[in-house]
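Since the structure comes first, as structure tokens, the remarks are kept for the end.
For clarity, chains are labelled A, B, C and D in written order, and residue numbers in each chain start from 1.
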Amino acid sequence: LSTAPTKPAPRLDLRGIYPPLATPFMAQGGVDYARLEDNLRLYAQVPFRGFVVQGSNGECPLLTGPERLDIVARVRRAVPRPRLLLAGSGCESTQATIELTAGMAEAGADAVLVVTPCYYRGAMSTAALVLHYTQVAEASPVPVVLYSVPANTGLELPLEAVLALAPHPNVVGLKDSGGDITRLGLIVHKTRREDFQVLAGSAGFLLASYAVGAVGGVCALANVLGAPLCQLERLCQEGRWQEARDLQHRLIEPNAAVTRRFGVAGLKQAMEWFGYHGGPCRAPLLPLSEDQAAALRRAFTRNGWL
Amino acid sequence: LSTAPTKPAPRLDLRGIYPPLATPFMAQGGVDYARLEDNLRLYAQVPFRGFVVQGSNGECPLLTGPERLDIVARVRRAVPRPRLLLAGSGCESTQATIELTAGMAEAGADAVLVVTPCYYRGAMSTAALVLHYTQVAEASPVPVVLYSVPANTGLELPLEAVLALAPHPNVVGLKDSGGDITRLGLIVHKTRREDFQVLAGSAGFLLASYAVGAVGGVCALANVLGAPLCQLERLCQEGRWQEARDLQHRLIEPNAAVTRRFGVAGLKQAMEWFGYHGGPCRAPLLPLSEDQAAALRRAFTRNGWL
Amino acid sequence: LSTAPTKPAPRLDLRGIYPPLATPFMAQGGVDYARLEDNLRLYAQVPFRGFVVQGSNGECPLLTGPERLDIVARVRRAVPRPRLLLAGSGCESTQATIELTAGMAEAGADAVLVVTPCYYRGAMSTAALVLHYTQVAEASPVPVVLYSVPANTGLELPLEAVLALAPHPNVVGLKDSGGDITRLGLIVHKTRREDFQVLAGSAGFLLASYAVGAVGGVCALANVLGAPLCQLERLCQEGRWQEARDLQHRLIEPNAAVTRRFGVAGLKQAMEWFGYHGGPCRAPLLPLSEDQAAALRRAFTRNGWL
Amino acid sequence: LSTAPTKPAPRLDLRGIYPPLATPFMAQGGVDYARLEDNLRLYAQVPFRGFVVQGSNGECPLLTGPERLDIVARVRRAVPRPRLLLAGSGCESTQATIELTAGMAEAGADAVLVVTPCYYRGAMSTAALVLHYTQVAEASPVPVVLYSVPANTGLELPLEAVLALAPHPNVVGLKDSGGDITRLGLIVHKTRREDFQVLAGSAGFLLASYAVGAVGGVCALANVLGAPLCQLERLCQEGRWQEARDLQHRLIEPNAAVTRRFGVAGLKQAMEWFGYHGGPCRAPLLPLSEDQAAALRRAFTRNGWL
């Protein structure tokens, strides 16, 4: 194994922490760009590598096509390079994904994050997914990051598909939100000679992901606790694993509360407590009940964050 | 129980068999309206109650917004009343669903079929779904049929939500594709005093659905074997259960082949064998391999259909 | 298809309704044979085809080996032929299943009901299950009924395994508790030339099962509402489907309450209300809470049974 | 958080690596104690903390009661203290678990490993499981290790149950084979003031488990690659994470091959290649096909182990 070729220099260095930006709305329902820019001004002080726009936490399935492009353009204006802007552009059809990808690139995205199509999940074989992503990557003017999020899609991008796509020159990595750390380690291992980087898709397993070779994380919780997550990144990079572990432990419950337990509504409520603009979600997402908000708050207080 | 009020007369009589129309495409990718109209001319000779446009089998997630409305308008022109035209109008956001519903009604739909939003399935509580459907039903100019299809959405519309929505004057029924016959019988039972009708969502459990009180079926297989399915309906209505059973039995394997096993690509291939225009699917759906096509064909031949 | 050989005369006629007998326990924990015999005296007045001993509802995984054989012997003494006695004899290992099967036959069972082994469910391929059942059937002095109950085992006996086993001369049928009516119809269809009978495994889909060709049912609810279930059987046999439907509808909620919702503890509680001996379950099964008991009772009262 | 009480000294120090011993059988079917002792002689040279007897990999559901006790007694004789002997004693009934636990202790077990009862999984609420384990722990003469293995049981021991049981003086830890690293970290965090230790249940996520605070692992793969696993343990303890990662990566595929992919039959086949006695499994477990054996071998060869 010692004579194996080493990993090539990355076309796009993805290392670091990214908040998948929440989308503030006005009471009448439109996107509240002023509040979004307020949030970005605050985030500018956190050593994030960049931002994900139009991930699941941005309520992108609830946005119109023009809104999706406008948000990317506005965020790009507020966030100069070298901060990265990764934009979600995955649609159910290959053609629509290709078109939205082009639009995102034009609006200023440095790369696109392409979620697995899933409505026809019974037909989404490895072959179908490899062809879909290959066609998108061929057509895309910017690098493509694969995106597997079974909690939303009911579908995990198969390991075989990831490995088949990793050598493609325009596929630069994977955001994996499934949380299967064995799979994540194996993907790092099997792509060790490729220009391919793995990002953890949630703060709950961020330390473990670094331990097995991920290069960063796209974490909903970074909308709320960005500095501690960047601190966790630094501790892992410096090999200060005991401190990292103590910090990671205190982040698990808050993270679960703003993702699996209370979803985007929980994330936006918590943002308010930490000085950011969260605000309402679009229907059919409901606001939190009082009991839910109290439970959400406890997840932060009992871990020393509030 | 004997003094219970009886079921009111239906606002819209849904009784009967409906094919969820497949959408033919041209080699260059556009919708092939000529071939679609050819199919409708052939279907005019089958005693269908009507047609579903933009169900899962119509590849509606792979169509553009304008295409979706155009197809409804074209089908309406080809299919005069009293044949019913049910159009799929469910989107992830409540607002988008309301807007598409209005567009479908204007394009000529007699009712809309609204699939459960599902991307945020972890947040799709009974309360969230009841509010979503209530807002859509309030706004819709035409009656609303609920649509639960867990194989595509990874989410079953909960019984409690169905029962809460059944009394709404603009909610007239449910298409249930889950195949849980116990649940289906219970829904019929618990809505026995409401203007609410249940349609089976697949030919595999059509006879059983009639036996427990469904009024019809939306069956992918009706694109291929429409006459036998209407014959099965008649046998059930006339109480000829032994003949119905023999016919039902011969339909299970062909039905599984054009749905669960080989999906829309299988359905479109089988349509070709029976004189209809099927043609290619849009990406990311793949065409059948030779082995798959042979297995599909066997499902028809060994049951005496080819 | 018209020249197909017809179904042979059954080696063992399974037609009819069977309660899977609950096992009463004394306060000190032993099996309460006196109360069990009281129940059997009451059941003697119901036109059951027979009884299942050591099904899931008999708490057989919580009984010792000697208790299991004793119960069969006692029930046999109390239940003369021609009533059938089907005894559960499935164990994780093939060898243990063969030995318990022999013991059950000696204790008086007319046939054995063999549940799928499931602890190594990842390894329970069709090939493994076919070999297991074949070895058991070869060794068994009495006919074997296959038993698929995914809610307990997390494993469905695959269709392919059922079809491979159906021709075996010592395999006479299947009890299917999964409730997938499409599968059930297909099994009836594909075994139409074999000496093979299908029993529904729950009262919730009994009418639908008759409609697609099942010959009877093993229904937990028959411990409580035996006469109505036998009445439902008769209505189906006589083709009185409207009456059958009305009766079936009123049985769905009570059935769900004594199975999926509240399990064996619910079944035993309901038995007490109808004059049978239920009594406590063995640990780790818990007694119902007051709220659960009230909800259980409502499932009977609001359907006119109490 | 700084004034929190610190973790108490453990009653039983579980730190380290344990193979869950495979059980060799003779061609005629009996337990092959001579070969088992041969294996133990070889394992004596590996710095294991101890051995698990009657875990899932020991085929314990396929053993008779007397065999289970005999194996524990034989292993104890071959493995003097301070090596630990953890014996699986979980049964479906609480009473049977208590009795087998007593037998295991008498046969020489230092602690028992109690798998969740699962046949009535629908009724295995947190309350039911907490009562079950509490009664077992009260009655047990030796410490109890909880055991959650959803791949076999279809049931995960709920977090709430683990936390309720952790303070019990006779409950000393958890073997978690589910592989959810977020959950594992949270359990370590929430039991940080208890005498409670967490063991990873598989080699695939061993490094990640150490990273989040586990104290060791019970790994099927240790029957084959014991020395590398103990080396991985040492690297983690010494903070040599880069070396640890490289080693962990090479273990993922062999581990998957002897667990999820090919099960106990795969484990036993691989043991033969590494100089141990594996031999046949008991029915209904099948031997590997030639193709399976070749794929198993590739999992070792392409990672440099053969």
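Going forward, a contact is a pair of C-beta atoms (placed from the backbone, for glycine too) under 8 Å apart; a residue touches a chain by one contact, two chains touch by 3 or more.
Please read all numbers here as calculations on a predicted model, not as lab measurements.
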item	value
Steps needed, at fewest, to go from subunit A to subunit D via touching chains	1
Interface composition of copies subunit A and subunit B: same or different, split at half	same
Subunit B-subunit D separation of Cα centroids, rounded to whole Å	49
Mean-CA-position distance for subunit D and subunit C (Å)	35
Subunit A, residues touching no fewer than two other chains	none
Chain contact topology (line, ring, star, complete or other)	ring
Complex contact set, residues of subunit B against subunit A	29, 56, 61-64, 92-96, 117, 119-125, 127-129, 131-132, 135, 151-154, 260, 263-265, 282-286
Contact footprint of subunit A on subunit D as seen in their complex	1, 179-182, 185-186, 188-189, 192, 202, 204-205, 207-208, 211-213, 239, 241, 245, 248-250, 252-253, 256, 304
